[in-house]
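Structures given as structure tokens follow.
Heads up, the next two complexes both have subunit A, just with different partners, subunit B and then subunit C.
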Partner chain A sequence: MTRTTYRWAALFLVLPLAVYIAIVVFPLLSSFYYSLTDWNGFAIDYNFVGLENFEKMFSDRLFSNAIGNTLIWTVAAIIVPTGGGLALALVLHERGVFANLYKSLFYLPISLALAVIGQIWLWIYQPDWGLINASLRTIGLGDLTQAWLAKPQFALLAVILAWSWQQTALSMVIFLAGLTAIPQELIEAAHIDGANYFQRVRRVIVPLLAPASVVVIALAVINSLKSFDVLYVMTRGGPFHSSDNLAMFMYNESFQKYNMGYGSAIAVVLFLITLAVIIVYFRQSAQVERLYD
Partner chain B sequence: MTNTIVHDDRRAAASLASDRAQPSRAPMIIFYALLTIIVVMYSAPSIGVLLASLKSTAEIAEVGVWAMPRSFALTNYAEAWSGGNAGIYIRNSFFVTVPATVISISLGVLAGYTLSKLKFRGSNALFIFFVAGLFFPPQIALIPLFRLFNDLGLYDTLWSLIIIHVAFGIPICTLILKNFFAAVPTAIREAAIIDGANEWQILTKLMLPLSLPALAVLTTLQFTWIWNDFLWPVILIRSDEMRTVMVGLASLKGQYSVAYGVQSAMAVYASIPTLLVFVFFQRYFIRGLTFGSVKG
Partner chain C sequence: MSIKRLLFGLTVFAVVLLIGGAVVMAQQQDISIVHYYSSALGQETMTALFQTFEAAHPEYKIVDNSAGHEDFKTQILVTIAGNNPPDIFSYWAGARTQFVVDAERLLSLTDFWNENNLDDIIPAGVKPAAVYNGEIYNIPMNVHIVGFFYNPKVMEAAGITEMPATWDEFIAMCDTLKAAGVAPIALGSLNRWPAQFWFDYMVSYTAGADYRQALMAGEAAYNDPEVATAMETWKTLVDAGYFVPDANAYDWTDAADQVANGDAAMTLMGTFITGYWDGNGLVAGEDYDFFPFPVINPDLPVVTHGTVDGWAVPASAANVEGAKALLLHMLTPESQATWALGQGALAAVNNVDTSIYSPVMKKASDYLAQVEFLSGYDLSTTPPMAEGGLNMFAQFMNDPSGYMTYLDETQAVAVDVFGS
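Up next, the complex of A and B:
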């Protein structure tokens, strides 16, 4: 590598590096600093309060509520999009009559914004004429109709379902790509050995999809941790904070109540949780790669 | 050449095999029943919005969203455009999305090329440093950036959104382009150097034309993500005339709070650009989404 090449490398890197550090890395680190202050978002002065914001979390029931809901969302993110996406991919991979048409249909939610999806699902849950209640009445189960988003016991699950609608489609795309990469000879061999369809799926296809599954689950979990748009549009964390997740709680504390110090501390917790997930993800994918190489 | 033949052989074998490896009849029936349910689940929401957008508020109150509209009037679309400011919101979204897409990809080209073809000590570490930004929740940078743009006087301007999407796009653009350039034979670059080209000429005259597929993948991904972004304009935009279309949709208030038809029309407007990108560049979009998830 010559001196001029070094110069070119430096020249090419200076702009991307400067923008990335100034707008992504430095702010990320500053959040740790703000989490140790009582800044209110506007005042020039603020105090250094040490770990007070983090201590406050332990006694803040809204915080533990948000953590609990985030956990529920994460568990749902592991189960629903993974199971649903796998099922969809398996069905669509069999070259049925309308497979291509169906595929496009399932791709659609991926290009829709979560804000739009939230809006659409608001009407699905709408109490008077929403799709769910209207369907329940049609099949004679009118007693089960609910104001879904206004009930604390349903609101969070309703939002998670709307979110899963998109995430499942995304998982399906990744599983489909994984299925295409499986050598058909292996499946055929199992078939000849007398394995029925479900045995082939369980014993051959699913194990071979392990690399794709790791990606699907990691993506769903990371997306679930930062999910905000769909929640903001549908419930804003309500009713009575019943659907607050960490991202929503952080937004409310920081940009509604202007407790930016506390908000930063919540963001730091969210960051650390994500970091833990990412470490697990890289360990898993390294393990899977060793197994499959 | 041998490669192609082997490949074709495999494909033929694969298609033969899969013809025989169809599931038996009973699971097929279950399959199609399930498929139908899921197809309904996946098409109903979008169809509902389309139907609602063609009905007046009175008609929705009377027959609901899901019935066929009596007349296919476009009054809601006209109303959303003029009274609901859809025109302004969409213009703002384009003002943010187009430059942010182009600039983030350009920076990704610079970083990706350097980190794959002009390697130096520590360039791999630098690559990991760039890509790490892909994984973290944006919430961690929310408050410091809110403050930064306030201090710079860029709060409530589209500039703040452009800058943010450029910066937050660097990780994915660098990742995809670095991997793409790494697959381009180094001999091409060496030949050009012998012919007297400098790195800038190699990058712009040689590598860029070669990287069109990667650029297409990134353009579809970046355009869709930036257009659909909601969090940043919620945080950084205050006034109505600066709103992007996603925030505009979510904040249709006052006279439109129960005007479901107008809201639907706005949702359709907000989705048209990304749907068009998707329809025309589906191949690239899917390739980008599945990037890295499958080996080989």
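Up next, the complex of A and C:
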């Protein structure tokens, strides 16, 4: 670029950069700042407490509970939407009858806000007339009905399943795009060499989907870490914190218990975890790109 | 030349527009307000009150920035902390108001109270809800009391004509209902707070109101034998199968529907349930009725738990005069009557003609006049403590057998909040 174009570029970047600083960088830095205080969110006065908020996490049962649940969510995010999305993509890529119709149908959840998805699944899980319990009763398995979201052993998994419904659709779309990028000759060559369908999938298609897989898994993990809306609509972390993830726990501490300082400290931890995942993601995708260039 | 002229013309036009706008704005002042009356009926009645206010005070314009009931808690915190508060906002009297007072974010309304002789119209029983650290910070709008709301048709079908006044009578009634195949008690503790009313009455009626106040203030421990006895009494009701199963799966309106549909006989709830039922076309006295929580230990004082909703003015409110004018409008007998009827609430002032009440609200009003009023759990103890307690009630409703463990955990929260 010439000097003048640089100047023009800099000029045009001023506004977006200012907005970015005002609504991303500044709040981020102030979270770091408040994480070192005992601010309650209302008061004009507060004290600096150093790293006390971070020390408190080690002995806080609710914090370890939230970390554990976040971990469960992340592991589920790697397995469920990735597996489901891959399976759907493989089936729909075969261009059977109505493939495009099914593609659209499976794609639909992406067009809904997660809050809406939460509301839909609230109805599905409703104990008296919800789809799941009503179906169980219809097929004579009435004994298996549960108040899914009211039981601590089911609530988190129930929310993750609802969240996966959308995430799987997203994964499917990325895998479908990845599949179209695979040269047909390679698959045909494997076919001629006598590889059956599952061998072709395992030995040819899945390895060639590596770039797509990195994107799918990274998006799933990042989305799982920042998931809040669906949880807020469905359980608010309840019953009694059994479905708290880090984001919900942070919200509860900040806005329900008015521990804004501690809430900010949790936000910092969540930020660092997400940052670590993003760094790994960028490194991986750079590697994969080098591999295929 | 013509472009220059056009630009000049546009500039003049813009300046005129700016000045004109400023003049109009100076003539009509905005009063920004945030409130939590987000139900259809509440919002409608509140809007009607705003309209009568604007008709009487053309110099003011109400700007209603309200969000939903649950989101309100976050919204008000963020606007106050961000120093961008409304001029006036609805707030629960009690510990929540105390919390904002202690943060020095509210305007003292003591002078306003005295200048307008509010002692004459606000009953002495309600006044404590207005006073914090010796000053007035919350102007009461309405009172709700908590008691049993029941379906008279279900009771009649089970052969029950007299509502219980003692604990033995209450247990006997529950047994009769159960034998008749009706779940005696509905509870929707999905949002946790509906369960707190059980805790309130259990503690007040087994350990006494004084002990309860000490517990709320952090001067007694959650794992004291007094609280354990209260929980044990509550547990016997759950164990006897009086509650509709899976309370944590239902909201309080679901529980209200269960009673209205005849799936359950009664629910322990605030008088605001009458507003919900009236809105659904139920008839007070025919489709639903009220009896107070029966006394467990007759040696202890009779109390009623409930809520006082009021108005607070932020310390940094831009339009304090407007807020005060609106407060006076809210306290007129006409506004209070409109509000009480529209919201299913008891008026906060004594100059409302009680004959406007439905027979059910009349009962509640008469009861309130006889007994001591105490705020409910999450309005009696500081918000961080209330979080811990509400959590414990949900745990209890899921599995009451572990209540001693839950009490120990809750006491750990109390130590954290109040210091040991």
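The definition used in the following text is that the second predicted complex is superposed on the first by the 285 of 293 C-alpha atoms of A that agree within 3 Å, B and C clash if a C-alpha of one lies under 4 Å from a C-alpha of the other, contacts with A are read in each partner's own complex, and residues count from 1 in each chain.
Methods note: a residue touches a chain if its C-beta (ideal position, glycine included) is under 8 Å from a C-beta of that chain, and two chains touch if they have at least 3 such contacts.
Quick caveat, the model's predicted, so the values are computed rather than measured.
By the document's definition of touching, neither partner reaches A:55: not subunit B, not subunit C.
When the two complexes are overlaid on their common chain A, residue A:255 makes contact with subunit B and with subunit C alike. Residue contacts after overlaying the shared chain place A:263 against subunit B, while subunit C stays out of touching range. In the superposed model, A:102 lies in contact with subunit B only, and not with subunit C. Touch criterion met: A:121 reaches subunit B, while subunit C stays clear of it.
The partner of subunit A that touches more of its residues, comparing subunit B with subunit C, is B. Legend: residue contacts after superposition of the two complexes on their common chain; A:43 is shown touching subunit C, with no touch to subunit B. Residues 41, 255, 260 of subunit A touch subunit B in one complex and subunit C in the other. Per the touch definition, subunit B reaches subunit A in the complex via residues 10, 13-15, 17-18, 20-24, 27, 31-32, 34-35, 38-39, 41-46, 48-49, 52, 60, 64-66, 107-108, 110-111, 113-114, 118-120, 123, 126, 130, 133, 135-148, 163-164, 166-168, 170-171, 174, 198-200, 203, 224, 227-228, 230-231, 234-235, 246-247, 249-250, 260, 263, 267, 270-271, 274-275, 277-278, 282, 285-286, 289-290, 292-296. Per the touch definition, subunit A reaches subunit C in the complex via residues 40-44, 61, 127, 147, 149-152, 236, 238-241, 252, 255-260.
On the subunit A side of its complex with subunit B, the touching residues are 1, 4-6, 8-9, 12-13, 15-17, 19-20, 22-28, 30-31, 34, 41, 87-88, 91, 94-96, 102, 104-121, 123-124, 126, 128-131, 134, 165, 169-170, 173-174, 176-178, 180-181, 183-185, 187-188, 191, 196-198, 200, 211-212, 215-216, 222, 225-226, 228-229, 232-233, 246-247, 250-251, 254-255, 260, 263-264, 267-268, 270-271, 274-275, 278, 292.
The residues of subunit C lying in touch with subunit A in their complex are 73-74, 77, 80-81, 99-100, 102-105, 190-192, 245-249, 383-384, 387, 391-392, 394-395, 398, 409.
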